[in-house]
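Read from first to last, the chains carry the letters A, B, C and D; within each, the first residue is number 1.
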Amino acid sequence: MTILLTGFGRFANVERNPSEQIVAALDDSRVDGHRVVGRILPVSARDTPAAVRAALAETEPALAFLLGVAPGRTALTIERVAVNVFDFEDPDNDGEQPVDVPIEEGGPAAYFATLPVRRIVAAWHAAGIPGALSDTAGTYLCNAAMYTALHATADERLPAGFVHLPSLPDEVASQRAPAPSMPLQTQIDGVRIAIEAAVGEAAA
Amino acid sequence: MTILLTGFGRFANVERNPSEQIVAALDDSRVDGHRVVGRILPVSARDTPAAVRAALAETEPALAFLLGVAPGRTALTIERVAVNVFDFEDPDNDGEQPVDVPIEEGGPAAYFATLPVRRIVAAWHAAGIPGALSDTAGTYLCNAAMYTALHATADERLPAGFVHLPSLPDEVASQRAPAPSMPLQTQIDGVRIAIEAAVGEAAA
Amino acid sequence: MTILLTGFGRFANVERNPSEQIVAALDDSRVDGHRVVGRILPVSARDTPAAVRAALAETEPALAFLLGVAPGRTALTIERVAVNVFDFEDPDNDGEQPVDVPIEEGGPAAYFATLPVRRIVAAWHAAGIPGALSDTAGTYLCNAAMYTALHATADERLPAGFVHLPSLPDEVASQRAPAPSMPLQTQIDGVRIAIEAAVGEAAA
Amino acid sequence: MTILLTGFGRFANVERNPSEQIVAALDDSRVDGHRVVGRILPVSARDTPAAVRAALAETEPALAFLLGVAPGRTALTIERVAVNVFDFEDPDNDGEQPVDVPIEEGGPAAYFATLPVRRIVAAWHAAGIPGALSDTAGTYLCNAAMYTALHATADERLPAGFVHLPSLPDEVASQRAPAPSMPLQTQIDGVRIAIEAAVGEAAA
């Protein structure tokens, strides 16, 4: 059984993206005996959806965990829902900044995550890791990756979803009013715990 | 050379006070060859000032670092100033809740920290630890401990000051909207780095 | 042409609900020649959806504006999307507190607002009224009312949507750390301006 | 009996300073039979203190109310204390940006407001106006004006103090995430109410 884990690299004001570092740390590792396959997605309205579909096609995963950073968050947050819209506050890495454009022309307005989100949050709490359920993944490329993964796998009901991560401590250390942060190792542990919780649910 | 390090225990809504755990971790250790002596202060309008004076008298320190938690903070914060007032939003551990009462009858309105606060903040940033200078230590017992230490040592100009700490991760993990947090080990490292910066300044 | 305007009354920690007062102020008034018909909805997982459907059936509106309060918001916010879930942080007025229950069994995950949300935000800004587009209407009864209105009118494409309101000043005046607020008159003006913008769009 | 009321004009990112508009509205008016005399202070580390002293010397007030804006505040806030430091996050209108420089060389670390701050907060609450006591006036020119007024009048114990104001609605209306705001008329009413409360106290 393969577990797809995706992240993003630099964009806008984010220098060190924890999602990229977590993917680097867990790529090709095993969680509960299952192989994690990592992919870094482009930060691009034009290319992100195709990259998500390609990653799904190439890896044929039994579970898909997509990761991204959300500066300002205080906890690991698993997203409840992804919506069918690009509406960017900052340009993507191609310099594009779409406003109110559908990700998938004619697609449904939204998809709910198919991962066991409550079980994942409970696993974080049991481990003493700050974690919560989030009601909005925003309208940038994190949301677009999540929407695309759920749209592409809607028929097969692949368990898929998105975890938004706090900033890394050294990213915010010298800010005038430092944003909340979480160390990389805690974030890696939290993602592994989330995968284990989802694998356990899938096996149950 | 002795370095006095103080913390507080449980109070109001704080179950696990990182200041208590940092004092436990560093008590009787050596930083740059100097011995750290730890003390836990009572959370009490009636007893905190006397406990601060007793700790200073018993340990005759060359440096005094006072610690306390400030839920909601995202970084280690060193306080610029302590003011001569008790004004409690929550009762202390004796159930007292004074409003606009001087800590030191007839004392000056405020004292500035005598630690090298800029040097400490710079040392945190160099280590990648979120840190900042704060303009208010509040009007609870953290402020009162800081005010008392500076008042008691005003003549000798002992380098003294106060570091406010974020919550510990497991304290906030299951909150509906988790408060910002910082792991204990990062907090211990940060306090040690602050002491080193202050020792370096004192030696310079 | 009839314009349906709905609000809610007291619930949880909200004593004075601005949505109820705006409905009282605008009920039976005319905006651009069209008659506003007001309805107060129950705060009830069991009854809110049926009350929304009844209000639509009775008034046969050409536009539907649903209103509710969101303590903590700093501006009038028009919601982009409503999702098919009840997930309550506080009990409703029947004492019910559903978790992850669909509003409409078998309904789509979400609907986008069919009001001209950008035009409405622009009209607020032109009038100097703080206003913004919001990406989440939450998972309480505000979201449920919006979801139900959009679901019930999906075929006819009635322009419908939801405006979340800040607290009223006297509701927060004595809070220890007062929540943001907006005066009732500004809120009434803002809702009237939003209706005018939507009527203008419908006529265009 | 003369009441001195001061404000500031444009600076840094503030276009429309409510303090300037309140001074314009109340200048030369009468509150409880006493004449309000308004002054606009320069936003200048070099010139603000002298302008405060000149205003006090020229008007010989029985009460001094200093006003300034603090973007982000949700309520009228009366400051408890002013500290003897210039430490600017933004340059002043001369382009100066001092760091940790005393306002008054050799002056005490701080002064407490000599206005009846609790009585003022209670008067706001009685009027339904969001209001609170603040523990820090910052380290910019608002704090410097307050410090200077209290230092200059320390011997005579003139009732003097500082009110920090929220942004005006039209200043924040189109911000991506609008800052909290309060209408000008509410702010004018709140300042008049504060003056009345202080006059009442002085008379009592």
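We adopt the following convention: contacts are C-beta pairs under 8 Å (C-beta built on N, C-alpha and C of every residue); 3 or more make two chains touch, one makes a residue touch a chain.
Everything quoted here is computed from the prediction, not taken from an experiment.
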Inset, instruction - Any chance you could name the chains that touch chain A and chain B both? - result: none
Legend entry - Centre distance in Å when chain C and chain D are each reduced to the mean of their C-alpha atoms: 38
Inset, instruction - Express in whole angstrom the distance between the two chain centres, defined as the mean CA positions of chain B and chain D. - result: 31
Legend entry - Centre-to-centre distance between chain D and chain A (centres being mean Cα positions), rounded to whole Å: 47
Inset, instruction - Mark out which residues of chain C touch at least two other chains, giving numbers and ranges. - result: 176
Inset, instruction - Report the topology of the inter-chain touch graph, choosing from line, ring, star, complete and other. - result: ring
Inset, instruction - Mind listing the chain D positions that touch chain B in their complex? - result: 80-81, 83, 85, 100, 108-112, 118, 135-136, 138-139
Inset, instruction - Name, in rising order, each residue of chain B that touches chain A in their complex. - result: 74-75, 124-125, 127-132, 169-170, 172-183, 186
